Amino acid sequence: MNLNYLFSFTVVVALAMIAWAGIDVWGLNGLFCIAVPYVAAILFIIGFAKKVLGWADSYVPFRIPTTCGQEKSLPWIKQNKIDNPSTTTGVVMRMFFEIVLFRSLFRNTKAKFKDNYRLSYRWEIFLWVAALAFHYAFAVVVLRHLRFFFEPVPQFVQLLEKADSFFRFEFFAPFFKIGLPGVYLSGFVLLGALLFLLGRRIFLGQVRYVSLASDYFPLFLIIGIAASGILMRYFAKVDVIAIKEFAMGLASLHPKVPEGVGAIFYVHLFLVSVLVAYFPYSKLMHAGGIFLSPTRNLANNNREKRHINPWNYSVKTHTYEEYEEEFREKMIEAGIPVEKEQ
Amino acid sequence: MENSRRMFLKMAGITAAGLAAAPALTTLASSGPGEKHKEKPVGKVMNNADALTAKHWGMVIDTRKFTSASDLEPIIEACNKIHNIPKFDDDLKAMMFSSDKKRHEIKWIWEEEFGHLFPDCENRYLAERLRHIPFLALCNHCENPPCVRACPTKATFQRADGIVMMDYHRCIGCRFCMAACPYGSRSFNFRDPREGLKEINVEYPTRMRGVVEKCNFCAERLAKGQLPACVEASNGAILFGDLDDPDSDVRAALRGRVLEPSLPFITSYNNMRWSCLIQR
Amino acid sequence: MSHESGIAREKNRILKAWFEHVADTYAKQTASFLNQKGDRFANPVSAIISESLEKVFDGLVEDAGVNELSESIDPLVRVRAVQGFSPSASISFVFFLKKILRDVITADDSEVAMDLELMDKKIDGLALICFDKFMECREKIYELKACEVRNRTFRAFERAGLLLNSKNGG
Amino acid sequence: MKNKRLILTGLIIFFAIVTVPLWYNLFSGKKPAAPELEYTAKAKAAKVCVEPTAFMKVNHMELLYMWRESVVRKGERTYVNSNGKKFNMSLTNTCLDCHSNKDKFCDRCHEYSSVRPYCWDCHNVKEKE
Amino acid sequence: MGNDIKPEELLARTDFGTPATGWMDTPVEIREGMYCYAANPKSVEYVGLPYPHKWDPLEEDWHLPDNWQQIIHEGMKQRLERFRSFKVFMDICVRCGACADKCHFYLGTGDPKNMPVLRAELLRSVYRNDFTTAGKIMKKVFGKKISGARDLTIDVLKEWWYYFFQCTECRRCSVFCPYGIDTAEITIMGRELLNLLGLNIDWIATPVANCYRTGNHLGIQPHAYKDMLDFFVDDIEEFTGIKVDPPQLNKKGADILFITPSGDVFADPGTYTCMGYLMLFDYLKKVYGLDITWSTYASEGGNFGFFTSHETMKRLNAKMYAEAKRLGVKWILGGECGHMWRVIHQYMDTVNGPADFLEEPVSPITGTVFENARSTKMVHIAEFTADLIKHGKLNLDPSRNDHLKVTFHDSCNPSRGMGILEEPRYVIKNVCNHFYEMPPNTIREQTFCCGSGAGLNAGENMELRMSGGLPRANAVKYVHEKFGVNMLACICAVDRAVFPALMEYWVPEVGVTGLHELVANALVFPGEPERTMDLRGEPLLGAQEDVDEE
């Protein structure tokens, strides 16, 4: 099982080396800068669509929400409309909290007891915090990258950049300079959250035991992406103008190999391409799947509104007639009413 | 299992160390197709050849030479102009929210009455004359400045030559320094200072909204071999020199006069106090 | 007995080591889970182990009687009796204490040696108590197994004077 | 129940959002090319900046940072470059003296890459040439 | 175990610690006390389930059909198409581990394969191998450890069987899963697949056959059913002095059909709950003229078919609507039961509806319209009674339950598959003076399973039940020690059947009761003689003092 993270780590390092060698040694610029990103994007779209449509192809025969609060019942009993929704609005609310705030994961902290209360619940909230930090930081980082694809840069991206760089960190020493260009908090939050999630997987026996290589791989991959991004923004600076020109070229289907950009950019680009291509074929599809989870996206109004199962088929049952046939005598003897007296 | 974990950590460590190493970074940054020559140039930094230097800069103001506000005006004006000190005549906000119209005033060197400047020297036997003549006030450049201690970002710092400087880039506008300064020598930019400037001295930067500012003993002029603007404009009423040099003008002006701290509870050794003694 | 001198003073260290030894008898990832302690309701086994061990330790140090020791060790043996340990493995944790005491108490004056020897005897006694407890628990389980169906399901029939012609059974 | 239509709609919306850069760039008619920089006569004549162009392109902010620290905090105001040439370390009085066309030099790239340095909040821009 | 092992060798052997192998490399060890006996082929055959055969879990050879792998593969394929839940849950788990310590079986046994995530992974590993291209390629290139995909071998199948019958489908993990992955769904699929090979347990298969034939799990024939109820009538008179009318059976044209699990009729202490129903209905009949009937044909509320397959569940459940239709009642009232209500609430209308021959349920006494049961037309008795109490229709004397200090166990299915949390509490608070809640992370939607649900309440797996029930018992013990709680109330027949054993092992001083036993104790009949005993023949608190004085 330790093979799992060793393997994933090695693969990610190898991928980085391949990108570097591909550009610096073999000079396959066209392949790595143009073919790979396009192929990755196509794989993403096809894979994503296939996966989601595959799910859509399966039926939802029953309405099986996991109810996490009081149901809609008598009018004087207060219903928990979010955790046990009986209307579409309620379901939308529940899904919103689930997707936007990871409500179920947060639930872990709810129980607190004074006596004997110790560590275990604390790391649970850390899982929630780290998960939330990771996802939001990642979203901000992705959205910030839109500046490379739009000219002029959209207002909301500028606002996001402004907010992200609101806190100024400036540190200036011979071997470590950071602060110009302005520090984006999201990148560091992303990296920190990733390291926490990775550490959790490696050091918590339980989680390590259930983790597969495919759990470590995306972590290492995104760590690689975040680290290379941070390196090239603050430490080994690259020609941003050339990169934007390249990105716009990709987006307008007039790709052009960028010139004079540091090798670390190619590593970054290649790792991102791998992530994008890998996404639909992995557990990362939880991003799409969460919308389709039948225990969350259905209202608990089963007794109020009939749910139709399209493949419902008739089955052989033991009818009353068969039953009475077998026990008629005993029923009559016991004075239980029967359909046919003889 | 233990073994492989350790091995992994080791590998991770080596990689991290490798990535962190400066040469690797340079390589990463410099390689790629096209221009291959982007090694970081090694520039050197040095002092200007004609800069005025001192072990400890000090200023002595001979208040006997100022009798009316008009005597101070050109001096203040010189400073304001050079340093882009804004002046808001129509500070509506200030008028609305505070009875003190000068609340949002930015000042580096300014006119002050005796009692405000030397609160401990004021007593009812004070010469009547002193109650009416204006005095010049500016940052004391204390020897042991409380503002420097108060600043959380080290935006306010003391140079080796005694000048208490502001690094506006670092100022976060917390105003701890203003609270710490016993002399009220610091001002906060409630508004964009450019709004209060009719004319801008292009060569000297303005500040932005939300930072604190104060007199810098014209550090930028000293670097070019020039005396502070106020000194230049004072016709000799203000002396400027090295306090650590026994032969300097300032030491000569002070010779034979008693030195005592102006505010007993401030431990700083305060240059401004001396002007008070001279006028007595 | 002069246990205040060494053994009692090292209570925390001894209990910690003892707990870890007990946790180590479980699967590795379970052991680390048990070590997290936490809420006694979210992690009941861990809470039972630590509470029980502490009571037993105090009992041993304070020369508690058989009944008291028996009562202290009961919750722990009760848990282990249903966790699929062999009888020997189930009780083995008692003997860990001997080794732990020798690891923790290092002074080699004769008084301590005597204390340790005395402790050993008590631990042996504790083991015997545990065997009784273990068997009691197992017997309880077999009793539950044997009687549950009869007690719960058929008592009512008996009361009602009905007998079921059952085709139940393995 | 399948809700296929709903899912398909969601999927299409998702893909539409994901591919917005493509549609935008395809239909806006914008050229991906980076902005052309204009050099003033003075800059053209000087040929070389404080340091080599390739370095300046990527690292000018770091150089300015270094200058700033040096000037403000150490009071040292002269920069000697790798060729031994001396410069007064001043954004306004040295950099912008040569590149006095800020809007056609600095701003074009900064706009293009959505970089908004706060230099100009305080430092003045000299009159255009 | 060899006989000539020396003691020190034995001790040395106890100093173990499971080998640090990954879960895929740790073979399953089917252990006495943790598994239930194999299904009796006759029972399997009776209901026409696939491949009835004689086999023994402890034997090497399970006598499977030659093409068993193909059967499972096709079964999986079909279920992936039919159940989006299954497909999505196979794909999206990220193994964050949030579910791990939420499972009572994991908490109690410490067996890592009882972590919900691993239980699902047992299936998932085969899913990856058989149904995903990426999994197939990965396994070819890197092997099963890296890919997490493996072939379906006989050992894997045995592991499935062992662990899918160590899950009570309680859904507690699903509450905490960020994607709502429900291990119950996965266990249901796993059990359906195993059933394709005739691999069920007897504790499920035989009740299913019984239920199919006689209408209830125990195979009680109609006359015995009637005798039993009549016997309760006598008991009630003996203990309370109240003469209740024998319940109406199979009466056509009654207003309401009442269905409760047969456990209430045949097993202590459910029987007391049953006596509670009888008294309540008699009270309502005498005071308000309520016309209610029981049925011998649909004499089982519980549905062990649900632990076999969706199809069997449907076949057993069909009796409810069929009987309601035959008798021409207006609507159905359901007794206190766990999985019975999961089936009624989330499945019945879909599989056997629409129940358009019934009327929208209205309480004939209070006039309350049960809007939340508008379509299924079946009301939970806790809802029904809570409504009666709210409208002041019952004359209650809660002091009659003063000898009890009550806590309430939320049963898994009603709380996490339905959300009936407040109604039973409202009832208890109105019929008891001493009610204490267990700690918040062990009740309501976070309630811990009794450890014996989903057909695992057999006798032979007692160790499993005791360890699985530990988290629940632990919380009961806490309130027992803190507040002196001596009665555990619940609204589930399986709970009532298994808690006595669980309590006897962990907290011997605590008894088990259903909700309506408490109601009946507190219910004051018009002109009734003063009670000295509760339904169990135990003296009431005040009465006991009187006795002592004499």
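Which chain is which? They are A, B, C, D and E, in the order written, and residues in each are numbered from 1.
Simple rule for what comes next: contacts are C-beta pairs under 8 Å (C-beta built on N, C-alpha and C of every residue); 3 or more make two chains touch, one makes a residue touch a chain.
Since we're looking at a predicted model, the values are computed, not measured.
A.B. asks: When you take the mean of every protein CA atom shown, which chain's own CA mean is nearest to it?
C.D. replies: Central chain: A.
A.B. asks: Which chain pair shares more contacting C-beta pairs: A-E, or A-C?
C.D. replies: It is A-E, judged by the count of C-beta pairs in contact.
A.B. asks: Provide the C-alpha centroid distance between chain A and chain D, rounded to the nearest whole angstrom.
C.D. replies: Those two chain centres are 35 Å apart.
A.B. asks: Could you state the distance in Å from the CA-based centre of chain B to that of chain D?
C.D. replies: 31
A.B. asks: How big is the gap, in whole Å, between where the Cα atoms of chain A centre and where those of chain B centre?
C.D. replies: 52
A.B. asks: Where the centres are mean C-alpha positions, what is the separation of chain C from chain D, in Å?
C.D. replies: Chain centres of chain C and chain D, defined by C-alpha means, are spaced 71 Å apart.
A.B. asks: Which positions in chain E are in touch with at least two other chains?
C.D. replies: Residues 20, 84, 100-101, 112, 227, 439, 441 of chain E each touch two or more of the other chains.
A.B. asks: Can you list every residue of chain B that touches 2 or more other chains, as numbers and ranges?
C.D. replies: 1, 29, 35, 169
A.B. asks: What parts of chain D, by residue number, touch at least two of the other chains?
C.D. replies: Correct list: 2, 54, 58-59, 66.
A.B. asks: Which of the residues in chain A come into contact with chain C in the complex?
C.D. replies: Chain A reaches chain C through residues 111-113, 115-121, 123, 204-206, 208-209.
A.B. asks: Could you please specify the touching residues of chain C with respect to chain A in the complex?
C.D. replies: For chain C paired with chain A, touching residues are 28-33, 36-43, 47.
A.B. asks: Show which residues of chain C lie in contact with chain E when the two form their complex.
C.D. replies: 24-31, 33-34, 39-45, 47-48, 78-79, 82-84, 86, 88-89, 91-92, 95, 137, 140-142, 144-146, 148-149, 151-153, 155-157, 159-162, 164, 166-170
A.B. asks: So in the complex, which bits of chain A are touching chain D?
C.D. replies: Against chain D, the touching part of chain A is residues 45, 48-49, 52-53, 55-61, 146-147, 149-153, 157-158, 161-162, 170, 172, 177, 179-181, 237-242, 244-245, 247-249, 251-254, 256, 260, 291-292, 307-310.
A.B. asks: Can you name the residues of chain E that touch chain A in the complex?
C.D. replies: Residues 22-23, 48, 80-89, 91-98, 100-101, 112, 115, 117-118, 121, 132-134, 138, 142, 145-148, 171, 174-182, 185, 212-215, 221-223, 226-227, 249-252, 296-297, 310-311, 314-315, 318-319, 322-323, 326, 344-347, 349-351, 353-354, 368, 370-376, 378, 383, 386-387, 390, 415-423, 426, 439-441, 444-446.
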